[in-house]
Structures are given as C-alpha cells and as structure tokens.
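Paired with chain B in one complex and with chain C in the other, chain A is shared by the two complexes that follow.
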Partner chain A sequence: MNPSLKLALVILIALEVSFTQVWTVNVALIIISLILMFVGHVKWKRLLWLTVVPLFFASALVWSLALQGTTTHHFLIVIFTRMFVYVYMGGLFTQTTNPLTLTRSLEQNAKLPSKFAYGFLAAFNLMPKIQAEVATIKAAALMRGQVLHVWSPQLYFKVILAAMNWSDQLAAAMTSHGFVEGAPRTHAVTVALRARDWWLCGISLILVQVGLFIGLP
Partner chain B sequence: MKAWHIRDIILVTILAIFMGVIFWVINPVYTLLAAALAPFGLQPLANEILLGVWVMAGPLAGFIIRIPGAATLGEFLGAVVEMFLGGIWGASTLISGAVQGLGAEIGFAAMRYKKYNWVTLVLTALTTTIVTFAWDLVRSGYSAYHFGFLILLFAVRFCSVFLFGGVLTKLITNLLARAHVLPNVK
Partner chain C sequence: MATVAVHSLTFTYPKRSRPVLDDLNVTFPSGKFSLLTGVSGGGKSTLLKLIAGLTPLPTAGSITFDDQPLAEIVPTKRAATVAMLFQEPSTQFTMDTVKNELRFALENQCVDPADIPAKITAALDFIGITDLQDRLLMQLSGGEQQKVALAIIVAMDSDVILLDEPFASIDPPTRLALLEKLVALCTKRGKTIILADHDLSNYDRWVDHLAVLDMGKLTLLSPADTQARFAAFTPDKLQLTHVTLPGELPVSLQGTQLRLGHGERELLAPQDLALFAHQATLITGPNGSGKSTLFRALVRLGKYQGRLTYDGTDIQKLPRKQYARSVGLMFQAASSQFLNVTVAEELALSRKFGNRDYFTAERVQDLLTQLNLAEHTEQIIYSLSSGQQKKLQLLCMLIMAPAVLLLDEPLKGLDFASIQVVMRILTTVQRDLHLTLIMISHQLSGLDDLITLHLALADHHLTYKGAPA
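And now, the complex of A and B:
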C-alpha cells in the first residue's frame, strides 16, 4: 500500500478509536494488525516485545483506573484493548514501511514541499553522527570531572551548538549541489499511488465506521 | 514573519533527533518508575512526573528557531524519531507529538511570536499542560478518575512541564544568548 495513505489510515483509525468506546472493534483491529504483521514477516522477538511492554502498561493503567476512579468493566476493557490497538497498528506501520520511501511518497503523493522532504532526509541521515556526538559530549565532560545529566543545561547547550553548525553546513552543501527551494524537480524513484491503494484505504475506513456505529459493545 | 528555509528545516530536525536520543536514555527510568508505582494504582503519576522531559523539544525548538510552527514541528519530528527508533506506541506517538507541539505552539502564538521571555515560557508550559491533559482525558481514560486524583495528576504534570519546558529551557537559552547564537536577543 502507498506509504502516505497507510500513514493517514493508521492515524485516522487511532484518532477514531481514541474518541469512541467499542471494544469489539478494538479487538478486530488487533487481530487484523497481528495477521498483517505475520504476513509481513515481522520478527518474533519484535512481536513479543510489542506484546509484553503494552501488557504491563495497559494492566497498570487499568489497575490504577479501578483503584482511583469510578469506572465500569466495559470502560476498562475498552482502555485495555485500546492500548494494544495503538501498539500493534503502530508496529504494523513501522515494521512494514521504509522511512526513505515514506519521505519520497510524502513529497510525490502528499505534495509535501521538497525543501521539507530533503531537509528531513538530510538530518535523518545524520542519526549515527548525532548519537556519537551526545556520547562524545558526555565523555568530554567526564574527562573534566563533570557529569552531564538529562537536566544539565550544559549538555543541551553543546548539543544545540553542534546542531546549528551542522545545519549550516548541510544547507550550504545542498545549495552548492544545486538544490533550489521551490524549484521544480524530477524524481529518480517514483512512488506509485494506485487506484487499489485508494480502494483499500476507503474500504478499511468504511468498515471501521460501520463497526463503530452499528451499536456493537 | 520569517518563512521556513532549508537550514531551519534541517536545524529543527537535528534538534528533534538530539532530543530523541537524549530521551531514549530515560525510557528505562520511566518503566522502572511506572513499575514501582503500579502496585499502588499510581502508574499514571510516572507519566506525569516525566512528561516535562518529553515535551521539551517543543518549547526549545520554538524558542531557538522562532518561526511559526517551529514548536509543533520540533515536537512532532521528535515523535517520528521515537517511533522509528523503536518506540512501541506507534501511531499514537505521532498524535501525542502533534498534540504536545500544538500545546506549546499556542503559548508562542499568544505572544505573536514576538516576545521570548519568562512570560512566554510560563504561558507555554500552561498551554502544553492543558492541551496534553485534555488529550489524556480522552485517550487514556483519565475522565474516569476521581476529581481529587485528577487535580493531583494535573498539578504534577504542570510542575514537570514547567521545570523542564520552562526553567530548563530558560537556562539553556540563557547560555545560548550569552554565546550570541540566538536570533535578535539582546
């Protein structure tokens, strides 16, 4: 399925599920996501992780709601299953979508301005360098006997200076390679947006509406 | 009013990634805290205590880049980073990120993107708290809690957002201002 449409579908369903209280639809969504993840060959370890962690948080939330609030069993079941809907649908999306294809699709299909698409890509490709930089800053401070914590302004200060430096350099590099903001572009790789994708997206949404509003528990 | 250019876009993305990487470290803290509080039915408190850390990218990006939409974009991209780094909450992370960013954005918009001082940060902390709390009322079923417990959750959340999104952001931007790297700061 087209990545942009898939993203829109996942977010729309997550939003709808947040505002409605129909646990049967939640369970249906969980089962469908699980099946699709099996079909998509998601690793067992990842699936296990995606089950154990929300199991803990959903149980803790339900337990807390039961202790500290006034609720019905129905509401608790809705909240419990809702957490799994979020996790499985999110897992389905991230495990079956390549960030690069998603960005290309957002640019070509969803008409995201190319400066955003390429700006994001440029920065995301720095990810390993960024992780290394945080480690370097911490190590450099340690050598001078300073321990930098999550709440130390110094840590952020150095990080932000590095970020400013790199964004200047990257922007200059892109300009010198001929990148012009707002100029028309051709695409080496095109992401297809087929009629099938629209149908799949539309039918899924209609099914969810039907499920939510025909009075299921 | 300033428009978005490629440099700002890269800067806001790198900032979001940096925040994502730094916050990655506190995820185990969150899990431990939640586990410690869970038996007493207080698990949401873990979320409230640490929320300020997660929403920090919004005020920080808004304060540094000073273009309408910077806070929202910074926080939202932080959520994207978290999602692809292997955060488990998926689509709901993206929605939360957008909600948190918008919360901070309202604070900056109320000052018409002109004043960047204490008042802005306090206002931002307040709007962030209110908007994210409204979202949790719906999403996490907070509306079912007793009123007293809700007040406690709200107060803890505001303190957390104020400490990290307000005080810490101010300390960081003070350092940046002294280094003369912020736009139009006297």
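And now, the complex of A and C:
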C-alpha cells in the first residue's frame, strides 16, 4: 500500500479508537495487525517486544484503575485493548514501511515540502549515530570517574552539542549535492498512488465505522 | 569551463578580531589544477567554503565564476557550477546507499528521470567503482567514500571542483588513484580544480603554480619556486632509536584470536596480540586500516571477535566502572573527551578522581603554563583553538593516570613547539608513574625519546618491529 495513505489510515483509525469504546473492534484491529505483521515477515523478537512492553503498561494501568474501583469492567477491557491497538498498528506501520519510500511518497503523493521530507529521513538516519554518541559520552565520563545515567543533564548537553554539529554538516552535505530549499526536483523513483490503494484505505475505514456503529451501546 | 576569481575578499569570523582572509585577490584559471597550501588554521577551508557558497559572502560579488557572482547563478544550476569534496569523508552524504545518494544529487539538478540511470552508470564507471553502487555509504571505508563523493561530482558535471584536504584520512595508493582521476577530469573534461593539501608529495607533474595561503594573504609561486617547494617537501620520516622487539616483558592487555571488522570488511585478521605493561608502544599503519577501531575495542566501545584480557581477566567480565579507570582512551576528536564547560571545571573533574598525589595543584599549574594554557582557565572549552583543546585533553587524561592510557593521534593539529612540550610532558609522566602508553600517531617526528615498542599494522596484521631485545 502507498506509504502516505497507510500513515493517514493508521492515524485516522487510532484517533477513532481513542474516542470510542468498542472492545470488539479493538480486538479485531489487534488480530488484523498481527496477521499483517506475520505476512510482512516481522521478526519474532520484535513481535515479542511489541507485546511485552504494552502488556506491562496496560496491566499496570488496568490494575490501578481497578483498585480505584470506580470504573466498569467494560471500560477496563477497552483501555487494555486500546493500548495494544496503538502499539500493534504503530508496529505494523514502522515494520512494513521503508523510510526512504515513505520520504519519497510524502514528497510526491502528499506534496510535503522536500525540506521536511528529507529532514525526516536525515533524522531517521541519525538514530544509530546518536546511539553511538551516547555510548561514547558515557565511556568518556567513566574514564574520568563519573557515571552518567539516562537522567544526567551532562549527557544531554553533550548529545545536543553533537547533534547541532551534525545538523550543520548535513546542511552542508545537502547543499553541496545541489539541494536547494523550495527548488523544483525530479524524481528518479516514483511512488505510485494507485486506485487499489484508495480502495483499500476506503474499505478499511468503512469496515471500522461499521464495526464501531454496531458495537456502540 | 569556468574561471574562478576572488576580488579583494576580507573575511572575519563572528566574534574574532583578526580576519582569516585579508584583502585576498586571486584568479584560478579555467581548466587548470590549482593547489592551495599553508599552515593549518591559515584559512584554506574558509576560502574553499566561501567559493563553494557554503559560507555566505560578506560582500556579494567578491567571488565570481566567469565574471558572474555566485548569487546570480540560478540555485538549481549552482551544483553544476561548483561542487566541493569535504575533508571528513563520512559527513557529506544524505542518503543510505551509493545509488540513492547519486539519485538524490541528480534529482536536485532536475535531471529527467529517464536519463538518471545512464548518468549514474557513467559516473561510477569513470571513477571505477561500479561494484559499490548498492553498498551502504556508512559501511564504506574513508577512501571508498571519497571516491563516491567524487563520482557524485562527476555525475553533477560541476565546472569547478573544490577539494578540502580530501586525502587526510586515505592511504597512499588510494590517494594516487584519486589524484589521477582528478587530473583526468581536468585535462579531458576541462574542469577547474582547486585542491587544498598540506602534503605536497606527488603533485610535481601536474601543478604549475602553487598557491600559499598564510596570515590571510595568498601568494602564487612561479613555476620554478613551485618545483623547488615540491622538491624540498619530504614527508616526515619515522625515527625510532630505542625500539626493540619485545622480549620477556609483563603483558598488560592480551588478545587471543582477535579479529576486527565492519560487516564483511575485515580490518584485522584473527591473531594473538600482546600489549606490554609500562612500555610506550607506537602503532602505525595506513589510514582506515583499523587502528582506531582497535582502540575502541580495547575500551569496550567497539565490537570485536575473539578474546581480550586485561591482567589475565576477560575485559567483558570486569565491572565497567573499574575497567574504565584502568584503561583510558584519549579520543581522536578532542570534543569527545570533555564533559564540562570551562577549562577549570574540566581540570577539577580530572583532579577529583585522578592521581592527586602526583598531580598537585602546583604541578598542574606548572603544566598549564608549559602548555600555554594558564591564561585560559576561565575560558569555555569549545571556544579554544583545536590545538589548545588537544593539549587540554591530554592533560585531563594524564591527571586521571590510568594504568593503561591509549592515545589516538595526541599530536594532531599541534604546531612544532607544542609537539616538543607535549612529548616532554608525556615522557616525564610515563617514566614517573610507569604508565603503559599505547599511541597512534601520523605525526612521526619527536617521538623518539618516548617510544620503546613499535607495532605496525599492515595487510590486516599487527606485528612488532625493531631489533631483537
């Protein structure tokens, strides 16, 4: 499916689920997302993470709400399943979408200014670099006898300093390869927005509406 | 074809009083190979960035391409006019793979999508790196990255090609290969090339006029002076008189079947390696051969295969905190070392956890004076010059006095006088505290007093050099 349309669909459904309380639809969405992730060959380890983390938070939330005693069972189930809907649909999107294709689609189909599209891509490509930088800073601190934790301001000071440096470098790199803000560009690879994508998106939305309508008390 | 002309250009960085470029006038002729040299910090990079349009000009029109100011060139045609190859290979890309980066550059020039594949193939063919096209840029070696960056400039068909110390992290054979491609671009395709380099070897056949940039002024040497300058240039030679092969010495760090590599690219083939205690070991080898990678592995910042032990214990089994205090690394980039804002704070941190018995307040003050840093204690670290940062970094790590101190290019960017001082301090502290020093350095002069063992990295293998003990 076209990445921009897929993103829009995921966000729309997530919004709708946030404002309705139909647990059957939530469960249906969870099952569909899981099946699609299986089909998309998402790694087992990734799936396990996507399950364990929300399980912990959803359980904690439900438990504390239950202790309070003012909520119904129905609401507890809705809250519990809603958490999984968010995580699984987010997982489905990120695990089955190539960032570069998404960038190209956002630029070509969603007509997002290329500055934002490539800015997003650059931020994505920066992730491993940031991880390496954090490890380096922590090691440098340890060698000086200082232990930096996730909450140490010094760690953030240094990471921000490094990121500012990278952003300058990246801007220079883009300029030197001919990128000009707002200037027209051609597209070596076109991301198709086919009728099939619109149909798929439309039908999915209708199905969710029908489900919500039937499920509403 | 384009002639680059600079007309009375004065450039001062914000908050600095002395201009980097002072009323500079020069013309780089069309279709010629111009070589720019000068001391580090002399303004070479600044001039190139101004020509490339990466730094805004103080007065528009002070730099022209065939009498046309850069600002008047249509933005989409700018890359076809002038392009730049950076000193640091890995920082010049936006995309993930070689082909995608080439596509990105050509898209920016509004090349018809139908013509893009042919242009990409032609550019890769010209540089001879067709086999790299689907590789991830971040997994390429520095030399390969520079080749890719040059291929992109070839694809963009830029008239003027600027190169800022492009060979700084590249081994000699790759340097020569790239240089030949550049000369071909110049002679066969009429490109104007301006290259900044401090290493003057191998240029004598191709460069007529050497441009020397010093104190903001540029002098164009005559052909005779240029050739004389080339002939006088001899790369630093390594002179080590105290070096012997290691005999029966106590071992500090021991690698067993140690292998280093990024992905499929092997840097160090599996080998056993002993690093000896209380010695000053120098590691030499071509750029990008894996010396820094070895250091990162030794301080548990990088991956390795095989086993590494410190005093007989696997380093992965030692508590992180304890190990970090025993084996320290002076990073190649000074800024990686600092954790605070001012010089005084940084020194205070080192003294808090370091060897306070030896590094008394008086001794630290004395060392600061020797290093010409005494006046700068209240200054913000990041406003120090790169040489001052390097000296402060060394002092901070020496005060920590870990049993093993790894030094990655500790003399990089230092002037001659500073190198002498730094080496004297290093030698004294090493002898007094019996430290184990392991050093990577491309700066080869002045090391003789300190170094006792020499490890050479060649063909993916580390071997000790020198006469038998």
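Here is the rule we go by: the second predicted complex is superposed on the first by the 211 of 217 C-alpha atoms of A that agree within 3 Å, B and C clash if a C-alpha of one lies under 4 Å from a C-alpha of the other, contacts with A are read in each partner's own complex, and residues count from 1 in each chain.
We take it that a residue touches a chain if its C-beta (ideal position, glycine included) is under 8 Å from a C-beta of that chain, and two chains touch if they have at least 3 such contacts.
Because the structure is a prediction, the values reported are computed rather than measured.
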Original post:
Now for A:Ala60: first (chain B), second (chain C), both, or neither, which partner does it touch?
Top reply: first
**OP:** Report for A:Ala188: first if it touches chain B alone, second if chain C alone, otherwise both or neither.
**Re:** second
**OP:** Report for A:Leu50: first if it touches chain B alone, second if chain C alone, otherwise both or neither.
**Re:** first
Original post:
What's your read, chain B or chain C touching more residues of chain A?
Top reply: B
Original post:
With the two structures laid over each other on chain A, which partner does A:Ala122 touch: chain B (first), chain C (second), both, or neither?
Top reply: both
**OP:** Could you say whether A:Gln209 touches chain B, chain C, both of them, or neither, answering first, second, both or neither?
**Re:** neither
Original post:
Touching A:Met174, do we find chain B (first), chain C (second), both, or neither?
Top reply: both
**OP:** Determine, under the contact definition given at the top, whether A:Leu100 touches first (chain B), second (chain C), both, or neither.
**Re:** second
**OP:** Mind working out whether A:Met89 is in touch with chain B, chain C, both or neither, as first, second, both or neither?
**Re:** first
**OP:** Report, in rising order, the residues of chain A that make contact with chain B in one complex and with chain C in the other.
**Re:** 118, 122, 154, 161, 166, 170, 174-175, 179
Original post:
For chain C, which residues are in contact with chain A within the complex?
Top reply: 52-54, 75-76, 78-80, 83-84, 86, 88, 91-96, 100-101, 103-113, 116-117, 138, 152, 156, 299-301, 320-321, 324-325, 328-329, 331, 335-337, 339-340, 349-350, 352-354, 382, 396-397, 400, 402
Subject >> Touching residues (chain side chain A, partner chain C) in the complex >> reply: 100, 118, 121-122, 125, 128, 135-137, 139-147, 154, 158, 161, 166, 169-170, 172-180, 183-190
Subject >> In the complex, chain B residues that touch chain A >> reply: 4-11, 13-15, 17-18, 21-23, 25-26, 31, 34-35, 38, 40-44, 53, 60, 64, 77, 83-84, 86, 88-95, 138-141, 144-146, 149, 164, 168, 171-172, 174-176, 179, 181
**OP:** Going by the contact rule at the top, pick out the chain A residues touching chain B in the complex.
**Re:** 10-11, 13-15, 18-19, 49-50, 53-54, 56-57, 59-61, 63-71, 75, 78-79, 82, 86-94, 99, 115-116, 118-120, 122-124, 126-127, 130-131, 133-134, 150-151, 153-157, 159-164, 166-168, 170-171, 174-175, 179, 181
